[in-house]
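Alright, structures below, take your time with them.
Shared chain: subunit A. Partners: subunit B in the first complex, subunit C in the second.
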Partner chain A sequence: MAEVEETLKRIQTHKGVIGTIVVNAEGIPIRTTLDNSTTVQYAGLLHQLTMKARSTVRDLDPQNDLTFLRIRPKKHEIMVAPDKEYLLIVIQNPSE
Partner chain B sequence: STSATNEEVHSEPCIHMITSLDEEDGTEMGEGDEWMQGKTLIKPLDQLDLTEAELKEEFTRILTANNPHAPQNIVRYSFKERSYKPISSVDQLAVHFVLEGNLLHQDSDEARRQRAKQEKATEGGGEERADSVESKAGKKEQKITNQFNFSERASQTLNNPLRERGCQTEPPPRANFSATANQWEIYDVYLEVLQKQEKNKEKAKAVPKKDDDKGKKKMMLVETQSDDITKVAKVAKIIERMVNQNTFDDIAQDFKYFEDASDEYREQEGTLLPLWKFQYDKAKRLSVTALCWNESYKDLFAVGLGSYDFTKQGRGMLVFYSLKNSTFPEYIYPTTSGILCLDIHKHLPYLVAVGFYDGCVAVYNLKEETLQPIYKSTAKSGKHTDPVWQVKWQKDDMDNNHNFFSVSSDGRVVSWTLVKNELVFTDIIKLSLAGAVSEGPEGVQLPIMACGTSFDFHKQIDYLFLVGTEEGKIHKCSKAYSSQFLETYNAHNMAVDAVKWNHFHTKVFISCSSDWTVKIWDHTIKTPMFTFDLNASVGDVAWSPYSSTVFAAVTTDGKVHTFDLSINKYEAICQQPVVAKKKTKLTHIEFNPVYPIIIVGDDRGYVTSLKLSPNLRKKPKEKKGQELPKGPEVEIAKMEKLLSLLREPENSNA
Partner chain C sequence: MFTDESLDALGVESLWRKSQQFAQESRGCQTRPVHTAEAEIQPLLNADNGTQTDPQDHLIYQLPPKGELRPESPGLRDFLHRVEDMVLKELASNAKSHAFDGFDVNWEDQNETVSCIHCLQHPSAQEKGLQVTSISWSCTGSVIACAFGRVDDGDWSTEKSCVCTWNLDRRGLNPKRPDMIIDVARPVMSLSFHPSQPSLIAGGLYSGEVVVWDTNRTQDLILAQTGMSTDTHREPVYQVAWVPGPRRGEMVVLSAGSGGRVLLWTVDSDEGRLVLSAGFALIRQQVPHNSALSKNRGSSNVGVTSLALSPWDLDTFLVGSESGLVLKCSFSAQTLAAAPPDGESVTLRAPAQFSFSPRGGPVHSLHCSPFHRNLFVSVGTDGLAHLHSLLQPDPLLSLRVSDSYVFGVRWSPTRPLLFAAATGQGLVQIFDLGRKSLRPAATLDQLTGGQPVYCLEFNPRRKDLLAVGNADGSVNIWHLSTELTEQGPRETAKLEQLANEVAE
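Right after this comes the complex of A and B.
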């Protein structure tokens, strides 16, 4: 358990990382390093997008599954890694 | 009274008659009297005043049978004469009153009919129909019946009064359920069912292993009760790798795609492109003492950390890194004693054999959660008395037990077998000084033992292996012979740090030593084929997995020397310092089995990965018109060619 905490901490303190959010299966953020309104917004929108992406991947091949989703807007990069019950969102500024 | 009947209009009353009656009828007489007496004429006011004579006049009234009301002049129109004519006689009958009787003469028709009817009625009901018919017939003319003789009859039963009764139950509890039925959801469900079935089968089979299962079940329960965060572990790892990939994006791109174009301009030389640098905070003061790539997971490698400084011996660490995450190790195992060597099993990527400075050997199972090795040799179980310099996994023995070999400074080459929960050791060979070998076959073990510092097993010939010693000799040994060496080579002046067979050519091996030299041998010939002087103590040497003529060596001055014998037999085609500070000594080097990178460990605990430029990876040029031949054969041929070149002059000299 401590390992996971440490991993999350490392991610948070990694170079260029702006924020991390852990979202549960219902789209409710459990852990976050950003402010509330931003978190809620990110969580809600990305949750839906991930579900859709996952559904797409699995529809194409049921044996396949979504490992992660990267969205590269101009400003930051949003990385979403879905799990059976959770969703981990990390926002990073890659080009530093 | 008689006086009353007297209706003569004479006005003379008979008083004496009346008085006689007075005695009988008191009051009546009185009244009559009065009437009599009162018969004085009272004239109404409008009466005709007639004279007496007129009063005595007699009028005669005649009763005739003429109806005074009947008209006397009824006329009738006569068509004959076309005029009205008076009727001669007029009916003088005046009807005053008419009453119609309802009596019939008993003999009349009607009476008869009625009588008959009455008789029949009194006889009884009989058939009403007949009656009705009769009666109908009797009364009117006979009614015509239909051809079926049908007559409708209807009857109505009693309509029971209706009563409504209802009852209502409590509605069952409801829950809303919604889901999508995608192809993958169906697939998931099927998989689950499959897994359950398989589990049941396993449980049915593995009945004696109940304890294990229980233990596992307990583990499972504990996991589900613990904090939710643990479930994010896998995802967190992925994210960490992604984040790292982003940060070190350029390195990742280089690793994958960069080929040094300038190599075309350099004839023979190549370069090493530095990629990731791996370091672990807690390992800063330790030096890298062993490196090993994982055969199954090509991006995973193990780093053994310890210390070569014999005066400062402390703890050690076993650390696994993945190329995908250079900032933090995947697995960390702290150890009490410094590690000096390690080896990952070729087929079971989770088994790692480790040799320690204190002479112990241990086997770690990466799948286990614990940080302790699953096997560890102890003083009782035959651990070495001196540092273990090399361990190597072997093929499973006849009982399908895993086993590995270790060589140590105490002069023993020991085979360790993993039997259930124990580590069983077998001395394979005891290294003795060269002088003792030549003594007779009694196999007298001299007390003076040589110190083994490295060994390597032949790739194809299972029982053949080489051992390098601290005295600088290399012994070729066989597993079958425990006291004799097959061959001994006087290799170096100082301890042989590494000895390695060539991956392709079965006869060639390489050795390096702290006497600054690297030598290449053909094991059938006692003298080295090639000797290279590297101007510094050579820490490690490794053959490349893709070419039989390429190898690399690291020296304590921080340089990596890469040689390709097919290009240049005398010099390195690349000599490159890879560490920033010149004081750091490079201790180990390993080629990645698949990717064109090498990892280099130094004595400060860093591991640097470098990419080999194309010049260093040259494949033999195919002759025009020929297809590219298969790898190993070509490599062997290449080497053989080189060797034959060397041998010929030797033969000619000899």
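Right after this comes the complex of A and C.
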């Protein structure tokens, strides 16, 4: 249990990180460092986008699979690490 | 001889007709008797039971509570183990990466130029020589209302004036003919649209009255007014605004005038009255000030010429006065005002909590930054724009806007580092704090022949429109270039940096 918190803390305190969210397979956030409404918004939208990205990759090459997803809006960067059961979303403000 | 005789009847038996009757035998049967038995039962103990589904308490999803007692999701630890290294590596390389430096995407058409797309006028007001004292955009961003009055008249004015509205999204827009003209008996000094109902406008008059108009009505457009009672201002009302009221969803009208009063009115539309709900009085002796101010004599009221609400903190508001004071005030101040009660229905309180370094003349306009909770900009008759932080009395930055008076200033709603100031020479100067030089990024000439510009407002919905009200009675709508409206990278960070500088 403490290990989970430690790992998340290591990620959260990295340079430039604004927020961290862990989402389960159904798209429900289980750990977050942002406020409620933002978290629910990010979790829902990025879960859908990750599923779409994964199906795109697999359609292009069935032997391939999605390992990492990065979206770069103007203001910051969103990184998604997907997995079978969970999704880790990290929002970072690069080169500050 | 003859005698009666009866003879026996003679019978002849039939030979062929026999009796059909044969031998008859009778038999009968009956079942054996049926056994019946009766028995009764009765339970000695009773028990009742029922089930029902409970209604769901919360339909919105709630996150699991934080803390030690959270149920551990299976496999979470392993998942984090797997991804941690990869994520940290990506984060580190991202922080160092120069791959996207200077990379910009054009999603929309770039507009390189700033142009004046409309010049709205009301000819009959212009004939009378009325000036535009205040403009306001509706919450939908398509209607602009302007108030006519006089700013340069020192005398008590009983001149009739009007409030005109134009709908810019309408197809048959005629710049010379307003869509709606509301006649008012006194010059209107300030105007404010309701932030969520697009048909309500609040206005402050030269006589001290505050009126709320409802543009939906066809007959009498006045929804509520204060009338001339003991509660109203006695001096011109220079600023009106809508603030959230005590109940959720309700808005009350805030009015501030040069009599030193800041009053809050609730709208009672049934009676058509504005009822005073709270009031503040600014008295010179109650202002927390530096010792330099206490030498001034004169009226003890601090006349309010401008007011700004903070979008970050609903309790704070800033007040600029005729004598150059800029004060930070609070709605929840409890100290009673030292003003003699003048028959008002509520007791007035003294709201001032902090005073910033004073200016050399009346402060005509204040505006709080929508991007940083501590920053605001103030302009006055000394021709300078001061950028202040709420935390310290001295300004962070002083910019020379013009050589004459500056009447209005507004932060851009889309770019954190941009603000526009309206000068007395008929120019609107737009400053970009991200640039190295302190000269304006753009200058909009209102072509009024040197007459002052009194007010300016950015459109809350369409980020590239700026409305400017001039002294010759016209309102110019400017379309700004993309450079002035698109937020650049790291602007919020630069603003943060500016705000954290401590003035020497």
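For this structure, a couple of remarks:
To be clear about the criterion, the second predicted complex is superposed on the first by the 91 of 96 C-alpha atoms of A that agree within 3 Å, B and C clash if a C-alpha of one lies under 4 Å from a C-alpha of the other, contacts with A are read in each partner's own complex, and residues count from 1 in each chain.
Throughout what follows, a residue touches a chain if its C-beta (ideal position, glycine included) is under 8 Å from a C-beta of that chain, and two chains touch if they have at least 3 such contacts.
Model, not experiment: these values are computed from the prediction.
Using the contact criterion defined above for the overlaid structures, shared-chain residue A:R58 touches subunit B, although it does not reach subunit C.
With both structures placed on the common chain, the touch criterion links A:V22 to subunit B and to subunit C. When the two complexes are overlaid on their common chain A, residue A:L88 makes contact with subunit B and with subunit C alike.
Within the superposed three-chain model, A:T39 lies in touch with subunit C and out of touch with subunit B [touch as defined at top]. In the superposition on chain A, A:K75 makes contact with subunit C only, not with subunit B. Residues 1, 3-4, 7-8, 10-11, 14-17, 22, 24, 30, 67-68, 70, 77, 79, 81, 83, 85-86, 88, 90, 92, 94, 96 of subunit A are contacted both by subunit B in one complex and by subunit C in the other.
Per the touch definition, subunit C reaches subunit A in the complex via residues 61, 63-64, 68, 72-73, 75-77, 79-84, 86-88, 90-92, 94-98, 100-101, 105, 487, 489-490, 493.
Across the interface of their complex, subunit B is touched by residues 1, 3-5, 7-8, 10-11, 14-17, 20, 22, 24, 30-31, 55, 58-59, 62-63, 67-68, 70, 77, 79, 81-88, 90, 92, 94, 96 of subunit A. Residues 180, 182-184, 186-188, 226-240, 242-244, 246-247, 249, 327-328 of subunit B are the ones that touch subunit A when the two sit in their complex. For subunit A in complex with subunit C, the residues that touch the partner chain are 1, 3-4, 7-8, 10-11, 14-17, 22, 24, 28-30, 32, 36, 39-40, 67-68, 70, 72, 74-75, 77, 79, 81, 83, 85-86, 88, 90, 92, 94-96.
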